[in-house]
Amino acid sequence: MTDILQVDNLSLSFGGIRALNDVSFTASKGEITAIIGPNGAGKTSLFNSISGFYKPDSGRVVFEGADISRVAAHRRAEIGLARTFQNVALFRGMTVLDNIKLGGHGRLKSNALSAMWYLGSARREEMQLRSEIERDVIDFLEIDHIRNQPISGLAYGLQKRVELARALAMQPKILMLDEPVAGMNREETEDMARFILDIQEERGITVLLIEHDMGMVMDISSKVVVLNFGEVIGSGTPHDVRANPEVIRAYLGGGHDKVVPTLTEEAAT
Amino acid sequence: LHQGLGDYCEWRNTKGGIAGRKIKYIGEDSGYKMDQAMSVFKKIMGAHKPPVFYGDSTAWAKASAKEVSQMGSVLTCSPSFSSDLADPKNVPYYFMAGPTYAAMCEILLQYIARTSKGANKPAVAFVYSDTEFGRDPISAAKATAQKLGIPVVMEIVTKPGAVDVSSEVAKLRRAKPDFVIFHGYVLAPIPEFIKQMREAGMNTTPMGTIWSMDKTTVDAMGAAAEGWMGVLPYRYSYDTKDAPTMQIIKDYTAKARPQMQYVPTFYTNGWLVGMIFSEVIERCLKANKALTGPNMKAALESINDWDTGGLTGLLVSLKGHQIGSGRIYAYDAKSKLMEPASGWIKTA
Amino acid sequence: MSEARTAGPAALAVENIEVVYHHTVQVLRGLSLTVPTGQIVALLGSNGAGKTTTLKAISGLLPMEVGAIRGGQIHYQGERINDVAPHLLARRGIGHVREGRHVFEDLTVDENLIAAGSALIGRNIKPEPELIYEYFPRLKERRSQVAGYLSGGEQQMLAIGRALLGKPSLMLLDEPSLGLAPLVVEQIFEIIARINREQGVSMLLVEQNAMAAFGIAQYGYIMESGKVVIDGPTDKLVKDPDVQRFYLGYGEKSDALASFRDVKHYKRRKRWLS
Amino acid sequence: MRIRDFHQSYAHDEAIWQTPTSRLWLAALFIALLLFPFTANGYIVGLACVLGIHVIGAAGLNIMTGYTGLISLGHAAFMGVGCYTAAWLGQRGLPFYLTIPLGGLVAALLGLVVGIPSLRIKGLYLAVATLAMQFILVFVFREWESVTGGVRGVNVPNAELFGIELNNDFRMYYVIAFFAVLLLVGARNLFRTRIGRAFIAIRDKDISAEVLGINLFRYKLLAFAIGSFYAGVAGALLGYFYRAMTPEYFTLTLSIFYLAAVIVGGLGTMLGTILGAVFMTLVPELLRAVVSFIAQWAPRAVEVLSPMQEIVFGLLIVGFLVFEPHGLVEIWRRVRRFFHLWPFRA
Amino acid sequence: MNAPFDWIALAEFALIGVFSGGLLALIALGFVLIYKGTGVINFAMGEFMMLGAYFFYTSHVMWKLPMWLSLALTLAAVAAVAALIERAILRPLAGQPVISILMATIGLASALHGVVDAVWGGNNYEMPPLLPRKAFTFGEILIPGQVVWSFILAALIITAFTLYFRYSRTGIAMRAAASDPMTAYVLGIDVRRTQRLTWMFAGVVGAVAGIVVGSMTSLSPALGGAALGVLAVIILGGLDSIAGAIVAGLIIGVIESLTAGYLGGKVRDIVPYVTVLLILLVKPYGLFGTRQIERL
């Protein structure tokens, strides 16, 4: 088990707010690592720092052994860091297919001139991208029926799936998912969880997962990192974390799952 | 504008047209936009092929100049008195019915030089708008001033509709000119300048050029009109003595445009242009020459000591494609009219 | 449904409404539900079932999104409110806490509450921000802070507090637990239950977190594709095997929570109906 | 009526002109474009020339504003840059087929410079920044007399091809049509590729586009450069068409004209660009025709034309936005849908 | 000007700039109100000014009504026009992209300009002085009276609006409605009313500015152009900041006055824009504009 991603002492503040304070953790290749913590703990900020959208005040991000702290955000996407967003960030002016194709942007090479005349190379690589996406992404995520639809009007759950498709089209090494099942019911959560597991198990892609659905987090991740007020207050296997009193006090509260305990017992009887 | 020219054509037609031929007048509005003026020009040229064309502005006149000389079939004119356009060599088929702006400034400066007695010539300042119209005469005017020994103590450029002129007046106050020549405006911001100069206790005479001299403009100045003077190449319409043409205009407008109380400068200009166009065409027709550019140019340049019937004070020569004369008028508080303050002055 | 009805007009009665967006997209297809006075009623359903749309239809927001009620009736305290403008409904005591919190980001917490005081116009009631701060002491600490910088949980508290300031007799809560940490979810649900208890406010609660919702609601509706498919008192609903499987996440044998790892591919994409 | 298409290959699915019918129409259109000047009088041909130029200019603005979301109120100034460049080079003897692209290129270079702040300045702030650029450039046009001829304007030499002087509208028509078709096809293709997608992504939400691997800096600059290139070419053509130019042509009014054309036509569609440019060019002409028609009975009508034009221009824009916010292209689509289904559904 | 450096002239130019900046700030306030309310720059602001000036001229000079009555009538009339515009144009456009609404205001500007031109003609009219014109002198320094008084008037109006938006419930509700109309609705805020009010306020502010400007220059359809020059001010201050409008108004006023004084009128109109461009490079939301929170 090698560490594909290593975050060293990241700190980040906005004005007076310290969003991240000396955060360090590692993610093992091919595993699912979950990041949990109360609202405003800095989880999304951590993703933003890893993907290069925020520039941390100090600390390093090491990817496959190389320090990428100074690498521009779009370059990080090209070298294999893909993500989805907490608030669905699909491009509403494009169809589902074009949104997904956008994920392949970094791998294409055509320049403005060849693009304007749609000449040989530009045309060929577009076609290649199209068949790649059809095979590896659209079929896999079962979204072939909405391929040519515009984004607006798609049900929320499908939008989340298209976002995932776009990230997959980037052929990432690390996939960062920011609350992929927020606002989904149990059944839809199960679907999404299955996709995530397939991505990890069948494709060997490393997954970083932010989620408040403890049922899912504790179930599918192999490692959990807990943030609170920008600091890591615990990490380890789901089992360890669930028992960590500080984590319970700061985050989990009385019920360990998103379940009101009295009911669980009653229902089970 | 086109009223004057159009009315002239109609009037002329009632008098039998030019050498028996009727004049067809085609008017189109361009909204003072250069591209529209050009497209109207092209459209009219294409559709009607007239021998003469009256455009709307300096910008049009310049933009079309090249096309016009290439076509060589049309004589053009516009209300622009831009100095560049009175240039038989480079702009062969264009003339203006008045002095160039530079000539107007020259007339003003001559007047200033004349009125001053002692050895110290009065100081002059120029205030002009940052437009082609405004900038046009300034360098020539400065040269003239130097020749006449008049010191130019300040030069101020503003945008055409300047709102706030306090800083400019503050500058003028320090320069202490005896005369300020405004050019490149119609009205605003001239009145505000005058008011503020007065409030600042300055004893300066404000002067203007043709388009700021119309009676309606001066009326709109209100209290600021007091002491206003400037140059006009024509007579005012209330000045019909020695001006049979002005009488004709008044008689004609009284019939055709009963609501028109007063004949504005624009109108006079249009009428005069019509007279010149007709004269040129008539001369060509009489000499049995086709209405080509060169022929019309020759006819135009042959006009010398021509009587406009008093619209202009002196006999007119169009050799330089302009009419180089004008008169200084000053506002008379009693009659509330612009009254002559000098005789007719001819440019050098 | 009749079993849920108590004496007197219900706080809210929705009968057979049909809702269409942009004149074409039909979202609700004959939905009916009732909120008895003083009770909490939960409304559950998968994504896109039309829960938010139902709440918008009640609080009069549909026209703002080019939506319209095509058929059916909505009665609030016995009066028909199909075509009443949203601000008038708010002034008549319907408090809508919108999905996604929607605090006024540039306004301070205090100003957010002052703005919400508009719901009291014409009702001769004084706004009581102190009552809100009593329910949500956290907000009091931040009362002069700009709301955009509050944490997600605090924003949700502010959103509920704002609606409460308008002294509603019916509150519509749209996924109050969305994106909130488990601990905060617990707190929020406690407060919601308390408000219901102490202020006697009737509530229609839309939730994905079925466990939590059933914990405080007396009655529940489950909707799919724009209509109600199952409803009943919550203590009965939690025993329904389908509800257990699809909303509470029980395994095949209905005896314990299933693991996600057991979910098989073939299980994807199936629904109650159709 | 047309029934659903089936595609045998992805390439076919991605083609612009998918059906034989649409290809037939295209060919017909092309021939019509070629033959058009023979059938029309000089005035109409001149109008067509102006129209072609406006289509190019509007296409540039649509790439920038409609597709990439960078609102520009300074488009006219870039046309000016193209025009003056072409004039200056033309006076030094360069042939028009070089000066026109070079005019576009210089405008594009300047567009790059102006585009640099667009990485940080967004939305209406950017709009006003481009407005500032508009004023500053016009100021330069007026003051840099040695190149631009100042307020007096500049003469553009006649274009010449194989010894034929392109000194009338008839001949210029083909030059303009050539560039218009070329640049429109280019723009249309652009949006089938990664570059076009990147532009749209930037418009929709630039920061997430960046995290998805789009170099914001490069693509915003590229959008500015391409948009300005189109403007520059349009400006250069304008110079050759009028043969003389003054700074007064390239003022804010023209920038607004283009913005209006793009919005009335339909933001972010090339067909909309064409429809919008045609509409905005023809309406004033039509209005003028109507007024001169009325003027036969009421000669005063000519005097109210100028305010009438302003009112009609304004009301048209407002009316369009209120009643058809997606522009002419939406109307066009509705009409087409109607005929596709006809006669089975009204 | 070759004499030793004239410090008094400098002081005079600077002071004139500060005071004329007040008027700029007032016009800018009209822009800021609309921006806060609708999220768009109202390019028809200049036309509101024009309408104000022309209405006032008509009632005061042509109908010879007393000053106060004319003023009241004018403000009411412009407010009514603004309300009508809001109802007929802005409300149907709610939810459309910013650029569409921006364009609508441009179209509106054109139409209003045309209407004014058609009704009152392109001629110049002389307006009676509204503010006392007696110049203020401080030793060598002389500042035209109406400049000082317009500054005072602007300061009063701006202060009133600031207090209103900060402390009154309606003011706060207007801010709330501007930032999220749907939510404002369900909280009992009559969003349509607040939007109408916003436009009416902007109309009134514009009308006052127009009357003042009109009384300082003559009245002509060119008057509306003054508003375009103020764009530099609102961008410099930050589109949504009233305080920014004031500070930037004064800064631009001084810059304009100094450039007019030392560099001449040609550059006077360019310098503010150059300044603004430079400042935007450093502060992309102007001096006080709210930084849009960009989150992923």
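So that you can tell them apart, the chains are marked A, B, C, D and E in the order they are listed, and the count of residues begins at 1 in each.
We adopt the following convention: a residue touches a chain if its C-beta (ideal position, glycine included) is under 8 Å from a C-beta of that chain, and two chains touch if they have at least 3 such contacts.
Every value quoted in this text rests on a predicted model; they were computed, and no experiment measured them.
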Higher-contact pair (C-beta pairs counted), B-E versus A-C: A-C
Far-end chain from chain A, centres as C-alpha averages: B
Chain centre separation in whole Å, for chain C relative to chain B (CA means): 77
Intercentroid distance (Cα basis), chain D paired with chain A, Å: 41
Mean-CA-position distance for chain E and chain A (Å): 48
Intercentroid distance (Cα basis), chain E paired with chain C, Å: 44
Residue list for chain B, restricted to those that touch at least two other chains: 130
Residues of chain C touching at least two other chains: none
Residues of chain D engaged with two or more neighbouring chains: 207-208, 211, 306, 309
Touch list for chain C against partner chain A, complex: 25, 44-48, 149, 151-154, 175, 177-187, 189, 208-212, 214-215, 235, 238-239, 244, 246-249, 255-257, 259-261, 263-265, 267-269
Partner chain D, residues of chain A touching it in the complex: 51-53, 72-74, 77-78, 82-83, 85, 89, 91-94, 98, 101-106, 108, 110-112, 115-118, 122, 126-127, 130-131, 134, 166, 170
Contact set on chain B toward chain E in their complex: 130, 155-164, 166-171, 173-174, 186-189, 191-192, 195-196, 199-200, 216-217, 220-222, 224
Complex interface listing, chain D residues touching chain A: 10-11, 13-14, 185-187, 189-190, 192-198, 200-201, 203-205, 207-216, 222, 226, 268
Partner chain B, residues of chain D touching it in the complex: 41-43, 46-47, 50, 142, 151-153, 155, 167, 169, 242-246, 248-249, 253, 284-285, 288, 291-292, 295, 299, 302-303, 305-306, 309
